[in-house]
Amino acid sequence: MEQIPQIPKDKFKLIHDENNADQEKIGTPSLTYMQDVRRRLFNNKVAVVCLSLLSIIVVVAVLAPVIAPHNPNAQQVTMSNLPPKLGNLNIPGMNGYQNMGGKMVDAYKQAGAPDGTFYILGTDYLGRDLLSRIIYGTRLSLVVAVLATLVDLLIGVPYGIVSGWKGGKTDTFMQRIVEIVSSIPNLIVVILMMIVLKPGLTSIVIALAITGWVTMARLVRAQTFQLKEQEYILAARTLGEPSMKIATKHLIPNLSSTIIIQTMFTIPNAIFFEAFLSFIGIGIPAPNASLGTLLSDGQKAFRFLPYQMWAPAIILSIIMIATNLLGDGLRDAFDPQSSEN
Amino acid sequence: MSDQKEVIVSVKNLKQYFNIGKPNMVKAVDDVSFDIYKGETFGLVGESGSGKSTTGRSIIRLYNPTDGHIYFNGQDISTIKSHGPKMKEFRREMQMIFQDPYASLNPRMKVKDIIAEGLDVHHLVNSEDERDKRVRELLDMVNLNPEHMTRYPYEFSGGQRQRIGIARALAVDPQFIIADEPISALDVSIQAQVVNLMQDIQKKKGLTYLFIAHDLSMVKYISDRIAVMYRGKIVELADSDEIYNNPLHAYTKSLLSAIPVPDPEIEKTRTRIDFDHKRPFLDDQRLQEVLPGHFLYCNDEQAAKIKN
Amino acid sequence: MAKYILKRILYLFLTLFIIATITFFMMKMLPGTPFSNENRMSAEQLKIVKAQYGLDQSVFVQYVRYIGGLLQGNLGTSFQFNNEPVTALIGQRIVPSMQIGAQAMVVGTIGGILLGAIAAIRKNTWVDTLATFISILGLSIPSFVLAVLLQFYLAYKWKIYPVALWDNFQSSVLPTLALSALPLGTVARFMRTEMVDVLSSDYIELAKSKGNSNWKVVTKHALRNSLIPVVTIIGPMAVSVMTGSMVVENIFSIPGIGEQFVKSITTNDYPTIMGLTIFYSFLLIIVYLIVDILYGLIDPRIRLGNGGKE
Amino acid sequence: MDKILEVKNLHVDFDTYNGVVHAIRGVDFHLNAGETLAIVGESGSGKSITVRSILQLLAKNGTISQGEVLYHGDDLLQRSDKEMDKLRGNKISMIFQDPMTSLDPTMTIGKQVAEPLLIHNNVSKKDALKRAEEVLRLVGIPNPKARMNDYPHQFSGGQRQRIVIAIAIVNYPEILIADEPTTALDVTVQAQIIDLLKELQQKIGTSIIFITHDLGVVAGIADRVAVMYAGRLVEYGSVNDVFYNPQHPYTWGLLDSMPTLDTSESDRLNSIPGTPPNLLNPPKGDAFAPRNAYAMAIDEEEQPPFFKVSKHHYAATWLLHPDAPKVTPPASILKRYEKFKTLGGNVENV
């Protein structure tokens, strides 16, 4: 400290220039909020794996008619309850052999299946190809998920925005309705709908429409309440921006993270619900396949033919786990502080 | 004196209550009257909960006043409908600068769209080129680099964001701007940037400001006249020098005595005056002119005493 | 507080009334009667039976009667199960349902709280990852899949527990496990979020700066503050346990209400469905009410009002 | 004078999503017994992190990468968390910025004030609560006996800060670290709290490290002042040295950008242009150089060392190098120099 360093004299020239444009410069590349979210999401390995798995499942489901090797509803009684067989590759558990009275027997030969016939995931008690049924079942589950999401977006989001934005008496009234709807157990609404209407996709969707939007409406309302006091919304109001414009320009873009994250939790719920209803026998009617009916059928034969339940159970669990984890990943990506501090 | 000046905003017996009829009713602004003259900076100071921000928001009609009138250029704007041509017209004349540089800009919008919001609402530009040109001019006016118009708010510092907020308000060419604690969220070294800019623009455009703040030294510096608010009422109003040199209300005195000054010698001798918050207002008191241009919330007896 | 509780109880009755009304009219919208497919009944017999159940009167009269019955605690009479009153059915079957339901709630809540708290304390370590993974599994594997797997491996293959029997505590273990997975996952995730929030709050920093050990900071300050909001999800949890109990009771052949409900659905036993619906709703609304009151009691900010005294 | 605390060459890094932030880049200072040391700086300058490092209360992603914190000559950074617990709230305690959030909302204030007593002393619960009541009275909570069982939300902001202070002083600490204790408060309440702290210092003889960004507050409370910028100290000295004989252009800028009551509207405020640097990539030379109207070529290349101004007054600016050109500070600073002379000070190096 006491020692004064030796510095060449010319270094002591004053270099300041009056133009301070430099100080206002921004060095970092410009990223939009969404680009930043995407960057964070793709840096999250778990989320990427989940997203890829879900994408594959969605693609397979969409292309079901092309990909499914058999007609999912075609019965072939002679080929009933065949174990999985993956071509002529001799993989244990996937080679068409079955334990019968303590001996491994080639079930395909026993059933008299012509050479070259194989069912990758085996067949059920009516000789229907399980793989094809799972693909179609998944497709149906995804349809339910999409419809449930639409209900969320078309009923829940506008309801929440209107309730939160209007406030006062309108809000009190709208919240009373939400309270009543949410204190009726949604399962009961669904079951009542199932009984009154015929079991099937329509009644599942109507039932979901009656109860499914409530959570979304609540979240959106709470968020809208916060947002509407934000100064940029006040600024828009002082500029004379009409309410509709404020909703589309300011509210919805800033609500998007809440909406997307909530959707990621609506999807597994809807899929679970369909499976549950089909499992107790009031969901999708036979012969159509859904993950729930496959599980229900598989459960009955689980002791002897476990593969009939394992396959749909695994697919269902993967969809559920992947959407849940992706939801978490999205939450972290949208709100980096929540995971950092 | 100020009597010859032209009044731009006149607030008459403004009341702004919340939760009316409920046990948690708040009289945020309770019978407040004052005039703001064209071209001046009118400072409104008070501590948190005094109603100063609410007053500003009522004037710009973010709230519907419970009672009283607000005249802007002689026209009563306290009763015009929230959605109508008159309101739209009014929204061009009066603008606001907000407190929080982080909350006052929509994080999902580009700077140019934020600034151009007013231009779009009032159809002040006819083409994309004209819009960009206007935004460039506005950015230049607030000393920001026009190249940054395609950036997003999070890329800017607090002071820069505050200047973007100013540019947004200026876009519609208002006559009157309410600045609601525009510098209280900024660092000391940045505050001066914003204050200087506001003064430059005022001179250039002949603007009138209502400057709301709790920092008395800055308010004194920037304002021509100051009103001190306490619990929803104006307790004292005078020229800024007069308020500082000759404070009459006990609350004003207490407030002034509490301001710390960056000078150790002054600080050594400063004595704090306590104010009794138990019964601040009495029934026979009202805001009245006790000295030329100096208004005090007091009863007639006190007023007479001071006048003599 | 008393006024608030009174208001809530009033709402409870209003909601129940609405549910009863909706249920009643939905049942009336159904085509035919539960007897129409029983060919052996002659028109005469049918008329007698209908009169017996009051089905020959106008819908409005039936409605008034039904609501009147409800007010006296009469949930109607089953068509199928020996003409027993629904209340009697519930009485016979409530014990096993309540037992596994309560056990699952307790296991799920306590397990979830511990799991969530540990994850939050060891945030961003492998412990957190593991705990998060367990809670995601709990959320993602449907209770009926879990029930089948537990039954197959723990009972059928390894013979640790009875397969499908209902006599002692042993037999309630597997259904409890299957049912508690979902509440466990839900509570653990909620608890983790709350606790992470609390742990980064200023008062935790102050508690640490007082010289509290990390353990004491957690037990004396963080835990209590994160537990208060967890109370709010007990309601929705009760719903999920109830939903799950229907299939779980079926799989394990437990003579409970859930099993009865499913049976009634498959046999179109409308009065029983109606009665059980109202019973379930009543239970849930009571749970919601208790949770709300509890929340007000344990959080001083609500109990004592929110206004700061100047 | 006794140095009871000495911080040497402190470096603190934070691991963030965007990379490592070098928040503290070599800070040295000491605290004498019985004095009040004020650390001033803008948000992000690292003042809060500096004092949190003393008690090792950093966020999880923060690490002290270098340095020593000597408490009576004993390096605290070598101590385990358990050993630190014995010191925290006992010998060294802290007051936090936001009274609205720093009290546990679900615990009565009596218990919260008694807590440090129970942790560090072998006292009964009853005695601790009795003592807590006395301390609450000492900090000016009216009717403390009745209010011991109240919860934080039942108190106003000013009262809550008094309670936070009561918690901090209940064990008569040797060192009290006050981290912006008045920033969240109204100006009249701020004045009361500052008076309270001064009074308590007299009564219990504690040494105070006071962090703030408000130079007015500093002028009223500090014996010595350290000015911080971008993770380093730029100037330190007695309160008179820093206020009347400032040497660093940043200190000039800070003092010059504040209006005083005798600044009239015709005097233009002098603002410091630009914004503080991003500490993800700290500049090579003087961090203030880009905003400095008096910057020299050397400032962009090398960090200035501390130059001695007078016995206890140092400033880190190349302007104090004997070879540097003589520059004229802003007018308001020159006025301060005048005052320094009348106070008997000696203006050197200008």
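Each chain gets a letter, A, B, C and D, in the order it is written, and its residues are counted from 1.
Keep in mind that, in the parts below, a contact is a pair of C-beta atoms (placed from the backbone, for glycine too) under 8 Å apart; a residue touches a chain by one contact, two chains touch by 3 or more.
All figures in this text were calculated on a predicted structure; none of them were measured in a lab.
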item	value
Innermost chain, taking as reference the mean of every protein Cα atom displayed	A
Chain pair showing more contacts of the two, A-D and B-D	B-D
Inter-centroid spacing, chain B versus chain A (mean Cα positions, whole Å)	49
Between chain D and chain B, distance of the C-alpha-averaged centres to the nearest whole Å	32
Distance from chain C to chain B - Cα centre to Cα centre, in angstrom	55
Multi-partner residues of chain C (at least 2 other chains)	200, 310
Chain D residues counted as touching two or more neighbouring chains	59, 273, 275
Chain B, residues touching no fewer than two other chains	160
Chains grouped in pairs wherever the two touch, ordered by label	A-B, A-C, A-D, B-D, C-D
Chain D-touching residues of chain A, taken from the complex the two chains share	1-2, 4-5, 7, 9-16, 20, 22-24, 40, 336, 340-341
Complex contact set, residues of chain D against chain B	42-43, 186-192, 194-195, 213-220, 239-240, 243-244, 253-255, 257-261, 263-265, 268-273, 275, 339, 343
Complex interface listing, chain D residues touching chain A	16-17, 59, 61, 273-275, 290-302, 305-308, 314, 318, 321-325, 327
Chain A contact footprint on chain B (complex, rising order)	57, 60, 62, 83, 87-88, 91-92, 94-96, 98-100, 103-109, 114, 117-118, 121-122, 143-145, 148, 150-152, 154-156, 160, 165, 168-169, 172
Chain B-touching residues of chain A, taken from the complex the two chains share	21, 24-26, 28, 30-33, 230-232, 234-243, 245, 249-250, 253-254
